[in-house]
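Heads up, the next two complexes both have chain A, just with different partners, chain B and then chain C.
What follows is the complex of A and B.
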C-alpha cells in the first residue's frame, strides 16, 4: 500500500470517530424498531425477517474478515451450511436432553474449528492472499458436493428437514419456537448480541491489531505481533458466527439443502457485504437484509435483470465506492458535520 | 471394461481437456498476473456461442473459431474498460473479474435462457486401436490441446513477441523503460488469453450439456492447475498441473467414489499451494 493510501485512510479514521458513535445510535434505534415491529405488522414480514437477519449475521461474519482484516473469503456459505446441517443432524439423532442446544453448540464449534484449522494451515506460512480466496472457494465446492453425495446422512439433493427448535423440553412442558413471532424474538436478540459482541471485540486492542494487519501487516510483524495467530483467530470467529447463523437458519426455514453451501450462495454474501459496506458491520448486516429482501421482491418481477443490476452495482462499488452504502453515508455525514464546524 | 490401458487413456485425455480449459488462465493469470475469476464465464460464453452458431447452421469448425473470436472481443473490451486501470492492484482484479462473471452469467441467462443446451458431437465415432478404444472427438481435442500448448511455448520462447511478453511478466517497469508499449502488450496478452478460454469452452461444449454455470466446473480447477504447475510455466506447468488435478482424479476414481476422489485432489492441491507455493516444478 502506498504512503498516500495510508494517509488518506488515517484522515477517514479520525473523521470516522463521530460516525462510530452515530453507528451505535443507528444500531440501537434499528434494533429497537425491529423489536417493536411485530406489534404493528404480522404475517409474511414477521415470518421472513429473521431469515434476512440471519443472512445479515452471515454477512457480518464476512464483513469482520474482509473489512477489518482485509482477508476475503469465498467460503462463508460453507460454514453456514455446515452449521445448518449440524442443527439438522442433532435434531434427527435427538442428541442430549434438548438437541437444539447441542446443534447450536455444534455449529459454533464446527465453524470455529474448521476455520481455525484452515486458517492456521495457510496463514502460518503466509500464503498469498489469492490462494486463501481459492481455498475458501474450493471449500464451498467441497461442502456442496459432499452434502450431495452423502445422501444417507444429509438427504442429498433433496435436502433435509429440520424441525423448529424448542427452548425447553421435557416434563415441565415444551417452549417451542414454532410460532413465527416466537422465533422472531429468539433470533433478533441473538443477531443483536452477535453484532454488539463483534463491535466490542473490534474496539478492543485485538480489533486494533486486526485493522493494523489490513493497513500494514509488515509493520505489525516488525512490532512483534504474531499476525498469523491474529488472522487465524479472526477467521475462527468469522467461521463460528457463520456456523451459528446457519444453525438458526436451518431451524427457522425447517430445511437445509446442499446449495446453501455452494459457490453461488457464497457469491451472494460477498455481494451483500460489498454493497452494504465492508468496513461497517452494520453496513454488512443491512446490506444483506436490504439486498435479500429486494431480491425476494424483484426476483418475482424481473429475475434476471435484477441479478444483472446487482452484478453491475457490485462492479461499480469495487471501482468507485469502496465503502459501499455505509461508506457513502459516512462520507455525507462527515461532510455535513464538517460544514457545521466551519460555519 | 476398465483395463489398465483404458484407464491410462482416459487419464491422458482428461489431462489434455483440463490443460485446454486452463490454458487461457495460464496466460492471463500466469503471464500478466490478473486473477481472472471470469475465466469460467469465458468458457461458458465460448460454449454458448458455439451452440448458437451450430444451431444457426454454421459448420462446427467455423463455429468454434467464431466463438473464440467473440470471447476474445469481450475479453479485450473488459480489459479496455476496466482491467487496464488495475494492473498494479491484482487483488482488485479478482473482485472485478468476479463481477464480470456475475454480469456475464446473467446476460447469458437473458439472451440464451437457462435450459440445458446440447452441441452435437461433430465426430461421434471411436478409433479402435486394438488394445483400447479412443473416442474420436476427445482424441482430437487432446491433439488440439497439445498443439496449442506447443504453439504457445514456441511463441513465448522463440519469437520477439515472446521475449516482449516474458519481459513484461518479469518486470513491467524495466520493460517499459526499454521501449515496450506495455499497455498494448497487456491488451494483447489478455486478448489471447480470452481467445484461448473461448476456444476451450467451444471445444468442450460437445462433451457436456451447456448451462449458464458450465464454466464454473473448470474455474477453481483451472486455478489449481496453474498454481500447482507453477505460475508462468505455461508449457510444462500446465501439463503437469492438469495431470495432477484432472488425470489423477480418474486414477483415484478407480478406488473411491467420484466425490471422494475429487476431494482428495482438492486437498492435494491445497497441500501443494501451502508447501510448494511456486508449483511442483520449482524447488521453491
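What follows is the complex of A and C.
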C-alpha cells in the first residue's frame, strides 16, 4: 500500500545523502554571498536583512520540529517573543556587566526550559498530533495575553523599547552594534552557526532517531527508544533557537510588542516553513527570508491587494509542491540522479 | 537449557471475549518454538502481552528470572525482548542500511562494534546488495526480512515473530526457516514464532504449541500435535 503511495508521487523519496551534500554547497555559497553583500549594497536592504534572517532562524526552529520529528507547533512565536522580552528586560534592569549577554543567555534558557517543561509534560503522556498543535496554539495566546496584561513590566500594548546591544561594556560606542552593517555582521554569523549546529545535530545518532520518530514512532518504541525524551529534547532545542532569534530581533528592531508572540505571527512561521520546505533547514530559512521580502515589496507596490496576492502565492506553492520549494528541488535532483544511473 | 521466559496464568479479556485464558508457557534459552492455531485463537494477543503492548487482565510474566508483568514496552525491549509485527513495520523512507543503523542505536555499542554488527546482520539476512535500497521499494518478503534484521541489529535476545512468512514466496519461506534455525543454533537467540504455514513449521523441526479459543490445546513435536484428536477437530472444523 505504501508502495503505491510512493509511486503515485512519481519518484521514491529517500533521505538521500546526495541532496544533503548539495544543500551544504548551496548553504556555503549563500552565506558567503551574504557576507559580501554590504560591500556592494547599503541602505534599507542591509538594515532589514538581519531581521529576515532572524525570521529564518525562527523558521529553522520549526523546521527542525515539524520537518524532522514530525511535530507541528503553533507556538514558535511565543518563544521568539519571550526571547525579545528577556533581552528588553535585561537591558531595562541593567543586569550584569553587559546586559545584552545576560539577555541572550536568558532568551536561550527561557526558550529551552519552557519548551522542555511543556514537552516533557505532554510527550510523556503521549500527546500527539492535533492535541499538541492546540496546546502550542494556547501557548501563543497566553504569551500575548500576559505581555498585554503585565503592562508595568512589559509596557502592555505599547510594547517595550530595546536598545541596540554592544559587544563590550565601558566607553559608550565601544563595539556598539548601532550601525546597520555592524549588527549585520553580528547576526549573519550567528544564523550561519545555528544552521550548521542544527545540521550537525541532525547528522548525529540523536538526529537520526528524531527522523525515525517522524517515520515510525511505534517501531522505535518497540526497539527500546524512550521517544518522549527525544521529542522533549528536540522541542527544547527548538525553543532555545526561537528564543535566541527573538532576543536578537528585539535588539535589532529596538522594539518588542505583544503581537510578536501571537497566534498570527506563529501562523506566519508555519507558512514560511511550508513554503520553503519543511524537510530542509535551508528551505525553512530561505522560505522565511523570501516570503518576508516579498511581503515588504508587495505591500509597497500594491498596498490594497498585497495580502491577497501573497495568499494566492502560498496556495499555489502548497498545491504545486507538497514538500515546499526545497521538497520540489529535492525530487528534481533525485529524478535526474536516477536518470543518470539508469543510463 | 535455562529458562528464558515464563508466563503464569496469563489471561486477557476484551469486553466479553477471553482472548487468552490462563496460559502457562515456558521457553528456554536458545529454543525455537512455534505457536499455531486458527484465526482468532489469541496468538497475537499472547505475543502482545509478552512484548508489553497489551497488559494482562490476570497472570504474570517472567523474563530472565525477573518479573516483567508491569514493565513498559521500552524497558522490555532494553532487556532484549523484540517483536516483529504482523504487518511489517519498518522505516519506509530510509534505506536498508539506515533502518538497521537506527535499530542498532537502541543499545549502547562502540562505533566499530556497530559497523561490524551491521555488516554481519546484512550478510545473514541476505540484504547486502539491498543496503542502499529504500525500504518502501522492497518486496513484501524482503520487508519481513528487513524487520527481522532490525531486531538483530538491536541485539535482541528473544525474538517474537508474528507470521514472518506472510507474503513470502516458497523459496523465501524456506530461507526464512533456515535463517531462524541458524539464529538459534549459532547465535543462541530464542525465537517464538506464530505461523500458519504447516510446511514451514515442519521444516523448522521445532516444538509446537497449539492455541485454540485462547487456551493451550496441546504442546509437543509437530507429529505429536498432529496426532492429537482435538487438534484435528479444530483444524478440520469438526467442532
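Here is the rule we use: the second predicted complex is superposed on the first by the 303 of 343 C-alpha atoms of A that agree within 3 Å, B and C clash if a C-alpha of one lies under 4 Å from a C-alpha of the other, contacts with A are read in each partner's own complex, and residues count from 1 in each chain.
Quick note on the criterion: contacts are C-beta pairs under 8 Å (C-beta built on N, C-alpha and C of every residue); 3 or more make two chains touch, one makes a residue touch a chain.
Owing to the predicted nature of the structure, the values given are computational and were not obtained by experimental measurement.
Residue contacts after overlaying the shared chain place A:127 against chain B, while chain C stays out of touching range.
With both structures placed on the common chain, the touch criterion links A:333 to neither chain B nor chain C.
In the superposition on chain A, A:205 makes contact with chain C only, not with chain B.
Of the two partner chains, neither chain B nor chain C is touched by A:34. Judged by the touch definition given at the top, the superposed model places A:219 against chain C, while chain B stays out of reach.
In the overlay built on the shared chain, the residue A:304 is in contact with chain B alone; chain C does not reach it.
In the superposed three-chain model, the partner touching more residues of chain A is B, compared with the other of chain B and chain C. In the overlay built on the shared chain, the residue A:312 is in contact with chain B alone; chain C does not reach it.
Once the two complexes are overlaid on chain A, none of the chain A residues touched by chain B in the first is touched by chain C in the second. Against chain A, in their complex, chain C makes its touches with residues 51, 53, 73-74, 77-78, 82-83, 85, 89-95, 98, 101-103, 105-107, 134, 136-137, 150-151, 154. Chain A meets chain B in the complex at residues 72, 121-122, 125, 127-131, 133-135, 137-138, 141-142, 145-146, 148-149, 263-264, 267, 270-271, 274, 304-305, 307-308, 310-312, 314-315, 318-319. The part of chain B that touches chain A in the complex is made up of residues 35, 82, 90-92, 94-96, 98-100, 102-103, 105-107, 109-110, 213, 216, 219-220, 223-224, 227, 257-260, 262-263, 266, 269-270, 273-275, 277. Of all the residues in chain A, the ones that touch chain C in their complex are 2-3, 6, 12-15, 205, 208-209, 211-212, 215-216, 218-226.
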